[in-house]
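Naming follows writing order (A, B and C), and every chain is counted from residue 1.
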């Protein structure tokens, strides 16, 4: 259909957004007092190093040329070296990115696993005490800050019952799953609450739709009607919501990684900001912007697939 | 006298303390088109939905609904599901909301075929194309893959009819199928329904508030007001010589196409609140022919000759006046 | 499964006077909770059983008892009192973090929505970007540049937060502009500013007010998160997030130090949420 059109338009938007983010990061850096080369290299840099970097960054040339150089470096992933850790930023980011991706991925899956069944139960038993209990649970989850949920889980399940490790990550993929379970659950709970509220309303609305009545009048079994007619229509808005929540998911990951001492890019961001490690901050911001944009792109594609009314 | 195909016996629908439908008894013969006429709120849709048990649990259905020798009201859910779609089908007023927007028309037909007839794959596809052809949708093979929003209004209604008739039911309940359509399309759809009725040996109950539709398609008509039947009989007879004050009022309020510049005479007042019904005949407060007896008790639906039933105490007078 | 049945009963005329309408349960509940916190904030000395700064070396890290319902911390300070005294800081956070964004954002949104043009186009691009980068990360970044502290936190949150209000207001204004009364105003020869502020704004303001309530609950969540991370309120200022951070190192030995201040956050958040829901219900009724 016109899927290509939608995606094309979104790609254009992404390009503009990332470009603007790059500009903002560049300007922010230049606005800070001090020499950009010194800032990137830190106090322990030698004069020779500083001179070299200043030449590379074209510090003395007009601002446009500087920005051009900046863009070039961004695109080729030359973010420079981390001051505090003395390794290339790109390597640092590549090391830590998979952990955060795994964390957010697990969180999204868990959130869906929690919210979909609960939303169904709440919608089918609307008005009953089960529905009320589920809604109270959702309200509570939403009212708790992510770090607090993490701490509570840590204190009860990890430190207390010793079912899970207190932090860090494992050696292998499977170990990682185990280590990341509590942090992912932490993120998943707030997300699930938001999705739950939306999906429940969607389901209730769809359940009263005429086409559900028509499907029932056709003599289709109840389960089939629920799956194919109710859920298919209801979750369109929820999937959209999930995508829109990516931002808060990443934000939550930042905090969760701090609470559970997980070496992901969230914690890297915080540590670098505190350490005034601007090379890392720059690189991370751009990478983050690109990642989230890609998610939005995927979201558009999924939406168009789920709801054939879009795209025409 | 052959047994009726469907027999509603003292069917009522109660919601809370009110009874929006009360004491409806109707027989439908095989191959007949029965019109169920009434204004909004008269209970005609409720009655239809009660037949297939499509009402929410808060609505309690009373009476017997006899189909093929069994009482639908007493059937288990599983058995009722076998009746729905397979033996009795229903189409709704607004096809845009009655069709699932995210499934293709082909899929929605295929569902019925699979569940009721066990047809799948190419056999199902072939049958689906046949159905779309039968309802007059051109380029049927390609349209199978189209979504509801890709059809025009009239075509969508045809698609809905095709979906409803997929399993070959013997009775079609049509709930205001033409109300949402343009007049020209209305005509096409009604003609389609009549043609299908013959081709598929179906019977039809057509619910509408439009007397013109009734006049053109129905063999018999049942007039419903405030949840009670007022008059039942052959269309021509009732239109020519109504035997109930309400029917008379309805017919009188139709503009006469042969006269220019006429005063429109409607029926004064409004239908009663189902929770606060008048003591006697439900129409009595607005009736131009009401007498004291009409207020005393609710007149029962009584036979007037072989074909006619009426709930009007003054039926005799009305008929005599018409003949004069 | 069929369309729900409505009986044609007599419908009561919606009262124009708010006072004659019974307020929704959620509104009352929310207001009650917030009143409780307000009292803790304004009269902490009156409510708290102990002096929050008083060390009691005889009662270090006591679990919750009748004497100390929330337990004591590693200096022997009563956690209940510390939590009560922290209420004023968190309520301040709720108000000051949202006040500027709400007012400025509403005004900006009005103007962008009504006048459109290139400023509006730029604004929409800005919205795209803000949506891309997580709010938390942006705020943390700004605080990192400015330095930690409550004032800088307010600045950081305001710098980003106004955009959300502006977006909401802009959408509302645009939708109101389509209504007939807006055109009628022009026909009558009213000045544009008059139309915006005396006609369109009052009609568009309801979702903003409701969102403000929710935003205050979000502000407490964000403020306490930053407090926990050491970027917001700075010790010795007692703030619920800071209190939780203090207790972080004693997770296994004195879990109550972190858990109870969290209750306060949740309760306060729910109070604002309920208030917001109640407002929404009330405004819906009036419509």
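Assume contacts are C-beta pairs under 8 Å (C-beta built on N, C-alpha and C of every residue); 3 or more make two chains touch, one makes a residue touch a chain.
Source: prediction; values computed, not measured.
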item: Furthest chain, CA centroid comparison against chain A; value: B
item: Top chain pair, ranked by number of contacting C-beta pairs; value: A-C
item: Cα-centroid distance, chain B relative to chain C, in whole angstrom; value: 54
item: Approximate Å spacing (C-alpha centroids) for the pair chain A, chain C; value: 23
item: Overlap residues in chain B, where contacts from two or more other chains coincide; value: 54
item: Per-residue multi-chain contacts in chain A, two or more chains; value: 210, 213, 216
item: Per-residue multi-chain contacts in chain C, two or more chains; value: 1-2, 4
item: Residues on chain A engaged by chain B in the complex (per definition of touch); value: 209-211, 213-221, 224, 228-229, 232-233, 236, 306-309, 312
item: Touching residues on chain B, where the partner in the complex is chain A; value: 52, 54, 81-86, 89-90, 92, 94, 97-103, 111-112, 115-116, 147, 149-150, 160, 163-164, 166-167
item: Chain C-facing residues of chain A, complex; value: 13, 16-17, 20-21, 24, 28, 32, 139-140, 142-148, 151-152, 154-155, 159-160, 207-208, 210, 212-213, 216, 225, 244, 247-252, 254-255, 258, 269-270, 273-274, 281, 285, 288-289, 292-293, 296
item: For the chain C and chain A complex, residues of the former touching the latter; value: 1-4, 125, 128-129, 131-137, 140-141, 144-145, 217, 221, 224-225, 228-229, 241, 244, 248, 251-252, 255, 258-259, 262, 265-266, 269-270, 273
